[in-house]
């Protein structure tokens, strides 16, 4: 899969992008923050920049706002090169990680700030402030000072303050990281509702893959200053293009192996950790034979079987393929699912998750039990080199 | 356990007694004596009769001394204003400097503190006097100009008359700013450093330019620090003795010089004591003003005091 | 392209650089000029007449000045020592205990910082002439006693301030842990609190030493003819003649 520049869903973009990064680099002395990034974002998207800390995602966002200047390359907003245009002259607005709500102004004054700067006349200004506050359900708190607000309310102020200026793009820097777990869940939903309501492009930076998967319509996964993969949430989860992406998004069992057979409609991989069994996939890998590959299998796409002499049969697979034998070392009961840690003969630990559909455990797998692990041919993702 | 309580009591007394005794005997008592003296009058050469008279205060409120008070406040005010104007950008640059530069700029601001005040004052004398560096440099330019004028066929400028930069009010303000600048920069720096940088970014992001951001966001949030800086500069400048004494002329006497004269030359200790206490009251008023102005204001980091 | 600056990189703006340059020129040019001046073989004029060390020679042959300097160092040493003890106790007192009149004590400890120097100077003058006349036939360094006392009075509040700031970051559970492990009050203080205070004590000592060494006004009112300190000596030299004799003496 080509990871450089793919438009969503594979259809060629006919729409003019609202945001374009053209070959952007950012260096501080010898440290590279952003390394030749090119990216188009279309109007109306809820776009997420996802990656571990220090991957350059926040730098990219701040370049959009004009708070950081690229060392090389161009930033285009609505087709216009931003060049030397200062942050206060850009049609984008930002919700800061700390929210940056002005502590010496009331909620209403905070929201009115940008309009005052733009010299919006009073009656109109008041209307727009009220409208923005109602949009984020803060209408009642207009006269409060920020130190009388909860974290979630402050964030709403920051949102209203940015949205009231009717920006072409709203930038959100780790918008949910400062909230507690419950509120975060609720705000995810609210953010995407809000985006649909106002209809403008949202770009969010986050290090939380769950957050990105839950809200974003499209995600760029970043690593060490470049884009590792670009795609819809399900693209990234089901078809990770690299070990990094497979590892970073969700949890995964990773096996190193050798491609021993690669035909147009099937391929076989031999992994030392799974010997004597092999992995069979019903499609071509398009790699060189006997080259090194990585096989990634998601925990929920693996099955557990009771111990039998013969390996369980896997549909549409040659016998004794896509199976492994091991012993349950630990079971983590998480309520909705349970995670089984199965140790294979050579010591490798495999994670398998199973939904707890019944209130009573009918399968009755227990600690220390010998089991078979299996997976269908369509489950593994074969990654090259 | 009684012994345990006794032990605690002993520990408390051992901690409390030395500092409290010291401050009472060697600080509050001397001040109290000055206060008592301010209600006394000279009896002969060395005797002072503490009669409870207000004559000293009445005398201090005569136009002559009121004028000196007013002048002291004016000079200290000008000094504070100049320190604020000069120091604010410096404090700002320390806050936004890189780690390495920040340490250097701070060090360079602090370093003059470590040079004796007398020596710094003397350095100013060497620079400002009629045969000093400033006049020397000006004379050089004057002569070059003069030479250029003759070159193009004009009348030469004539002899250079050195500027009288010393022994006047200008020199006093110059010296006070020179000495007190670090007093202003440090509290400003402390206040600005606490300021969340994303507030400035948010203001820029919402469309305000740098100047408007400065006055709408930075100054209001750094206000407690600015007021601190103003008071910390104003108070010692108001009571300055050395700078007006060495750099000032006969008409640039400040209140501290008058007080000193009462004790060392005029030998009117009760009157000097009254002036001292008036100066103290002025100082306390300034400090009270600061408490009043910064009370309940949100600090730069977004929390109430 | 690469030299464009981000909005908050104020320090890369030339106006800011120029401003800093001018301010540092203002702060340092006079001092540098004075140093150059002190090596100049010309008495009245600043025109360079050649390098000389004769003023330094004069200085080291000037017994009065050397004695004054020795006095200053002695006073600073003892004032620092006493301030350290009194100041640390004051800091601990205000941090650890709640007692009747605490606010008043707190105010009394900060007062020496805010009272104008001249007022403190005259109060010391009054105190040491009318209440506790310091005998002037005492042998050195006891003759310096009155100045040392005066210096402690304005130095110890600064030590207390630094100590208290440091104590704010002290986790009292550490002391409780020491007690739990069998230490008595004194051992817990010595083994846990004191090591924590060490940086504050060093900073406080440096501060007190500098303040004492630098002080002119308060010393001016407490020193007698036989107990002249360096600043007071330099002052009298400056007041009555403007010659570069004193310039070599500087601390850095």
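In this document, chain identifiers A, B and C correspond to the written order of the chains, with residue numbering beginning at 1 in each.
Note that in this section a residue touches a chain if its C-beta (ideal position, glycine included) is under 8 Å from a C-beta of that chain, and two chains touch if they have at least 3 such contacts.
These numbers come from a predicted model, not from an experiment.
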Number of steps on the shortest touching-chain route linking subunit A and subunit C
1
State the pair with the higher C-beta contact count; candidates are A-B and B-C.
B-C
Here the gap between subunit A and subunit C, centre to centre from mean Cα coordinates and rounded to Å, is 58
Rounded Å distance, subunit A centre to subunit B centre (Cα mean):
57
Using mean C-alpha positions as chain centres, tell me how far subunit B is from subunit C in Å, no decimals.
17
Among the residues of subunit A, which are close enough to touch at least two other chains?
66-67, 86-87
Residues of subunit B engaged with two or more neighbouring chains
201, 204
Hey, what residues on subunit C touch two or more of the other chains?
7-8
In the complex, the residues of subunit B that touch subunit C are 7-8, 11-12, 15-16, 18-20, 22-24, 26-31, 33-34, 37, 86, 89-90, 92-93, 96-98, 101, 105, 108-109, 111-127, 129, 131-133, 136, 178, 181, 197, 200-201, 204, 210, 235-236, 238-239, 241-242, 245-246, 255-256, 259-260, 263, 269, 272-273, 276-277, 279-280, 283-284, 287
List the residues on subunit C that touch subunit A in their complex, please.
1-2, 4-8
Touching residues of subunit C toward subunit B in the complex: what are they?
7-11, 16, 19-20, 23-24, 26-31, 33-34, 37, 44-47, 85-87, 89-90, 92-93, 96-97, 99, 105, 108-109, 111-112, 114-120, 122-127, 130-131, 149-150, 152-153, 156, 160, 185, 210, 213-214, 216-217, 221, 230-231, 234-235, 238-239, 242, 244, 246-247, 249-252
Contact residues on subunit B for subunit A in the complex?
196, 198-199, 201-209, 212, 216-217, 220-221, 297-298, 302-304
Footprint of subunit B on subunit A - complex, ascending:
65-67, 86-89, 92-94, 96-98, 100-104, 113-114, 117-118, 145-147, 158, 161-162, 165
